[in-house]
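As structure tokens, here come the structures.
Presented sequentially are two complexes of chain A, the first with chain B as partner and the second with chain C.
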Partner chain A sequence: MTPSVSGPAPSGALSPFAAALDALARQRGVVGALVVSEHDGIVVDANVHTGVRAPTVAALAASLYRKARLSADAAGLGHASYVELVASHGRLCMAGRDDTVLVLIAEPHAASGLLRVAMLQALQAVP
Partner chain B sequence: MPLSSDIRRWSDALAADPSSRVFLPLGEALRRGGQLDLALKVATRGLQRHPYDADAHDLIARVWSDRGDVERARDEWEAALRCSTDHVGALKGIGFLCFVQGRVAEAEQFLERAARADASDEAIGAALARVKQLRPMASADVDGSDVSHPMPSARPATARPDPRHLFADLVSSGDQVALMLDADGLVLAGAYFSADGRDVAAEVGAALTGVSDEARRAMRHLQLGEWTTITVETDAAVVALAPAEDDAVTLVAAARTVPHGLVRRTLTRVGERASKWLAESDRVGS
Partner chain C sequence: MTPTDISVTAVERWIESPLKQFVEDAQALLALLLNASGQVLGQHGFTRAVDVMAACALAAAIHASSSELGRLMQGSPFGALHHAGRGRQLFLAAPETARGTLVFLTVFDSASSLGIVQLYFEELRARLAEAAPPPRSSAPVVLAQDFESDLDRNLALLFHR
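So, the complex of A and B:
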């Protein structure tokens, strides 16, 4: 199993997101779980496997989530709460509240139903 | 949305009392969950015990409609009307089928009957408004007969169905809509009607098309390959997008009550239909 890398919370300090991120990162097929600021796309906290570029994932996921949220709003569909992007080599799941976006990056075979439920539960637990 | 516990409870109730009408909510839950074969089996067995139950015929009709078999769907809805002349589900269903087939005047008649039978159903009002809006465009006939079959000379032999109806039979449950957008977000096919009967496809398409551009950019940087679907859940709807040929995008929007699996399934079928339609357009245009 690929080792996890946590950050950017300073060592010794337990981030308020650590428990939620740990739970998400343990899901089958997940290679990274992040808390991201939607406004600027910066990583607030992350639990990602080695090799996953957390800042890049955070920036792109925040941008995509923001675009989806604004587009859904413009289309009169209401507030977007969950966005999933499936690609041939992986999937990106995002759930947001206020300026906080939870992001999962996962392998293509990960069960999307389980990830969705885990994300929405984790979002409720996030302070 | 019915839970699996509801399905189990209804199954148990039906096993305990096979003559119970609980087969109706059970069959409907299975249908909404995409288990069409099982839904049909449950409904057919129920109908054997309740042959004059209009709701049972209506349930079977909706299963056939979901399967894309409009002939059988119509047969069942007509059977429902023989059992109960003002059955709202059957009137709505036939009205919808007529609309899909371009028989706008007939659709209007059935929807008006449905509206008279249940004035509180907002969906009927919206559908009726939609049909009334389309009627002047479709009408080539002033004597009230079927507007979809103008005189042969009025329509060239190569005429193709209205692209706004391209996906209508695939979203037959009425709580889903489907669109195909070109690379600029302009509507190629499909329709998206708001609750007040306005076609808002252009607005929705323009607003959502940027999401696929953003996805393409993200995939390029994250090296996740080509994107295959994007699903956006909002307060009001679930919207699923998929890429199509020539940088077009297909889109299915559904009420939150529609199971996500069914939305994905519809998106796949819409994508297949869109591909065929685009290929045919290229062939006709070349």
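So, the complex of A and C:
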């Protein structure tokens, strides 16, 4: 099993996102879970396997989510609650509320339905 | 918009392509590359030479101040500087090249983000380091008495005056 790396943890205190990120990172096939600021594209907190380039993923995923959200809005479709990108070696799932975007990096065999439910639940739980 | 559509002007050719690529990738509104003494090397988004001159002087001053403050506070210069305005944000950093430490200033709005700018700045830093030719053996030293004429020459090159 690949060791995981937790994101910014201020002086021993657990971040308010730690529980939600841990729950997401425990899902089968998940290699990383991040809380990202949509406006800044910066990692707020993360729980990712070693080797995942969290800042790069955060910047690009936040930009992608933002554009998807604006596209949905422009098309009159309302709020984009969940965005999923399927690539040849895995998938990138994003769900957002206010300025917070949850980003999940998952392997191709991960159950997308379960991930979607877990992400939307986690999004409700984050402050 | 492809990198070829983006208008970047540079004093030396090796600066053009990395700067164009950055502007395209990061969706930056303004980009300015200068040497540590404030002489402009390349720019995107400015329409007036006087604005470039003012921005270069201010960027060089900010870089000098923050570097010195870093040396005072932590024994080494601070890294990149980010300033968030209401509509626009500023990012200033100092890429190292064979031609010495340069100063890079970019301004972006909500079409981009700090994370995106940081990401593509790392690529710009690598591209500049790769593209920079070795320093000329007879590289001119920036002297106070030549500063204005050098500045005018660079601005004339950028704005085809």
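Operating definition for what follows: the second predicted complex is superposed on the first by the 126 of 127 C-alpha atoms of A that agree within 3 Å, B and C clash if a C-alpha of one lies under 4 Å from a C-alpha of the other, contacts with A are read in each partner's own complex, and residues count from 1 in each chain.
Please note the rule applied: contacts are C-beta pairs under 8 Å (C-beta built on N, C-alpha and C of every residue); 3 or more make two chains touch, one makes a residue touch a chain.
Being a predicted model, the structure only gives us computed values, none of them experimental.
Chain B and chain C, once both complexes are superposed via chain A, fit side by side. In the superposition on chain A, contact is made by A:63 with both chain B and chain C.
The superposition of the two structures on chain A yields an angle of 110 degrees at the Cα centre of chain A, opening toward chain B and chain C, reported in steps of 10.
After overlaying the two complexes on the shared chain, residue contacts for A:41 are found with chain C alone; chain B is out of touch. Of the two partner chains placed by superposition, A:33 touches none, neither chain B nor chain C.
Chain A is touched at more residues by one of its partners, and among chain B and chain C that partner is B. In the superposition on chain A, A:86 makes contact with chain B only, not with chain C. By the touch criterion defined above, A:76 lies against chain B but remains apart from chain C after alignment on the C-alpha atoms of chain A.
In the superposition on chain A, contact of A:55 is made with chain C only, not with chain B. In the superposition on chain A, contact of A:24 is made with neither chain B nor chain C. After superposing the two complexes on chain A, the shortest C-alpha to C-alpha distance between chain B and chain C comes to 9 Å.
Comparing the two interfaces of chain A, the one with chain B and the one with chain C have residues 56, 60, 63 in common.
Touching chain A in their complex are the following residues of chain C: 110, 112-116, 118-119.
Those residues of chain A lying in contact with chain B across their complex are 56-57, 60-61, 63-64, 67-68, 71-72, 74-92, 105, 113.
For chain B in complex with chain A, the residues that touch the partner chain are 194, 200, 203-204, 207-208, 210-211, 214-215, 217-219, 221-237, 239, 253, 260. The touching residues of chain A, when paired with chain C in their complex, are 36-37, 39-43, 55-56, 58-60, 62-63, 66.
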